[in-house]
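The chains carry the letters A, B, C, D, E and F, assigned in the order they are written, with residues numbered from 1 in each.
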Amino acid sequence: MPNKVEEFNAYRQKMNEKLLSTDNKVIKRIFNLDTNAFSQGHLPEKTKELLGLVASAVLRCDDCIAYHLETAYKNGVSKEEMMETMSIATLVGGTIVIPHLRRAYEFWEALEAQNSTN
Amino acid sequence: MPNKVEEFNAYRQKMNEKLLSTDNKVIKRIFNLDTNAFSQGHLPEKTKELLGLVASAVLRCDDCIAYHLETAYKNGVSKEEMMETMSIATLVGGTIVIPHLRRAYEFWEALEAQNSTN
Amino acid sequence: MPNKVEEFNAYRQKMNEKLLSTDNKVIKRIFNLDTNAFSQGHLPEKTKELLGLVASAVLRCDDCIAYHLETAYKNGVSKEEMMETMSIATLVGGTIVIPHLRRAYEFWEALEAQNSTN
Amino acid sequence: MPNKVEEFNAYRQKMNEKLLSTDNKVIKRIFNLDTNAFSQGHLPEKTKELLGLVASAVLRCDDCIAYHLETAYKNGVSKEEMMETMSIATLVGGTIVIPHLRRAYEFWEALEAQNSTN
Amino acid sequence: MPNKVEEFNAYRQKMNEKLLSTDNKVIKRIFNLDTNAFSQGHLPEKTKELLGLVASAVLRCDDCIAYHLETAYKNGVSKEEMMETMSIATLVGGTIVIPHLRRAYEFWEALEAQNSTN
Amino acid sequence: MPNKVEEFNAYRQKMNEKLLSTDNKVIKRIFNLDTNAFSQGHLPEKTKELLGLVASAVLRCDDCIAYHLETAYKNGVSKEEMMETMSIATLVGGTIVIPHLRRAYEFWEALEAQNSTN
């Protein structure tokens, strides 16, 4: 049975392929930029993933949070570091971030569960 | 089996009727204004629907996007014009718009499917 | 069969317990502040719940709206007062608030249904 | 010498007159709605002004905050009630509301100064 | 004496040059994308400028509004079309857009004044 | 002659003192939390300042950006790291972040100028 992480990734990949199969160059280039912006530069990749996470959290975009949680997890971010990042998001962005924090925590548990069974 | 478009419209219509059955005049007048603002004026209706679509997209309101996708579709907006409008939304509003773009594309496909089978 | 209100509260409580079981003190203190800020002060509790509701509505946070609808309901807010509060949110925050108004009205009906059967 | 309150009101009135002198009926009707929505209804005018204030604060609109501070002041809202309303805005909307809170406090002082010298 | 339009353009150009003189490729490419996205495509340039204007208005970005007002003006958009676009922004984005509408109208007058004296 | 940095800090300090002299405990506690959240924890202080900066930038709060630019500068963040952080903000938050990026760059130059003359 696919867990939350696999479902999220399957839908995301299917729709991204459709979007990139259109003739729209602006969309294609924004997708490319997204890959480049989070690569190692003056700042390490792990820090950049946390920057992407906190930005997604204060803008309250669940799918963006899920995406950056997964890449952060793969970059070795610990649960405590993730929670510290999300606590800054909740302070700066306000208590309206809390529902997204609940779902983020649930997604993080799915990432841990997926990893322990693979 | 109802598709996404029919489900969306059924819920929307049912709840709008309930809202308009209350004694709240401000809500009633905002609903009326909504109809007037998107009617032909100095700008044609099709342009206004694209304005409604891009505003809904940068404000990341899935139901508002779905509503304007349907009215845009009925006004003869092509898939390429819809994608161009959404690409401006994604550039101006940032990559946090992308999850809404994925759902918008899926809804557009449902509009096309509904139309081809009717 | 659990209704919308019970489902919402069950998930909310389960995840809040998990969040508060971590070592993150900032999150714990924000949760405490949330309780204090809505207690009787210079303004009565009922007015504060309406302030929380309108803030949640213009920021378009469905879970926050649901939470404040329930506490407002328990504080004796009438349907007409709730609608008047939501109409100010819709005017100030724009028609993008309308989808949240539809869901708020549905949640209010669930609160009324739960109350009449208990 | 005009104080902050007089400057704000003079600019606001001058531009509103220009906006209402155009042929745009949607704008005219939104301006009318704004007057109606904050009039006494199921909720008293004072409560409605606090609702307008908290909505303006979490949406971080300085001019909207100034407008509702002035009407709240005229409706007998005390400094403590204003601060309690703004503290809910800061908790729900996050620390990004604080710069607006600083300017709101300064505008409130200008309202008090204007009143004591008139 | 430089008017509002010239002041805005001078500051904007000076700072853009500084930003583009750094080694940051993501910023450079976003600036390039901005030029491309608003060029003639499936939709005419004039329509795209109105899309940029309404997106800027609902997101309440004064500088973005000023920029798109100027390019819209140069593309032959009439005052009535501008006002119709801004009225959709005010309805969709709410009365918090009104302060930006006042400043937009003032900037439009500066564009007209600049044009009549050049 | 005071530069931008000194003016910003003087106003900020003066108004914060006024806010903290009221009897509002929620505001006082949010100010305290703000200090704690950005202290060294599982993540180093420098990383937390960048998290605060990117959150402030995507939420488009100029004063919050200025505050985090100054603390980032004091924590040894380089211009390149600041720009990389701001470029992620501009990609995630969209081109509406650009006017804030221009003002951020100007404030950073003021920080450098202040430092070289002290």
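Quick note on the criterion: a residue touches a chain if its C-beta (ideal position, glycine included) is under 8 Å from a C-beta of that chain, and two chains touch if they have at least 3 such contacts.
Not measured: the values here are computed from a predicted model.
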What chains touch chain E and also chain F?
A, B, C, D
Scan A-C, A-D or C-E for the interface that duplicates E-F, counting it as a duplicate when over half of the contact pairs agree by residue number.
A-C
Compared with chain F, which chain's mean CA position is the farthest off?
B
Angle (degrees, nearest 5) of the CA superposition of chain C onto chain E:
180
Which of the two pairs, A-F or D-F, is linked by more C-beta contacts?
A-F
Looking at C-alpha means, what's the farthest chain from chain E?
C
Let me have the rounded angstrom distance from the C-alpha centre of chain B over to the C-alpha centre of chain E, please.
24
Taking each chain's centre as its mean C-alpha position, how far apart are chain A and chain E in Å?
32
Taking the mean of the CA coordinates per chain, how far is chain A from chain B in Å?
27
I need the residues of chain C touching at least two other chains; which ones are they?
26, 30, 33-34, 37, 56, 58-59, 64, 80, 84, 87-88, 90-96
Using the contact definition from the top, classify how the chains connect: line, ring, star, complete or other.
complete
The answer for chain A against chain C in the complex is residues 60, 79-80, 83-84, 86-88, 90-91, 94-96, 98-99, 101-102, 105-106
In the complex, chain D touches chain A at residues 58, 90-97
Considering only the defined contacts, which chain A positions touch chain F in the complex?
30, 33-34, 37-38, 41-43, 47-48, 50-52, 54-56, 58-59, 64, 78, 80-81, 84-85, 87-89, 91-93
Interface residues, chain A side, partner chain B - complex
11-12, 15-16, 18-19, 22-24, 26-27, 30, 34, 56, 59, 61-64
Hey, which residues of chain D end up touching chain B in the complex?
25-26, 29-30, 33, 36-37
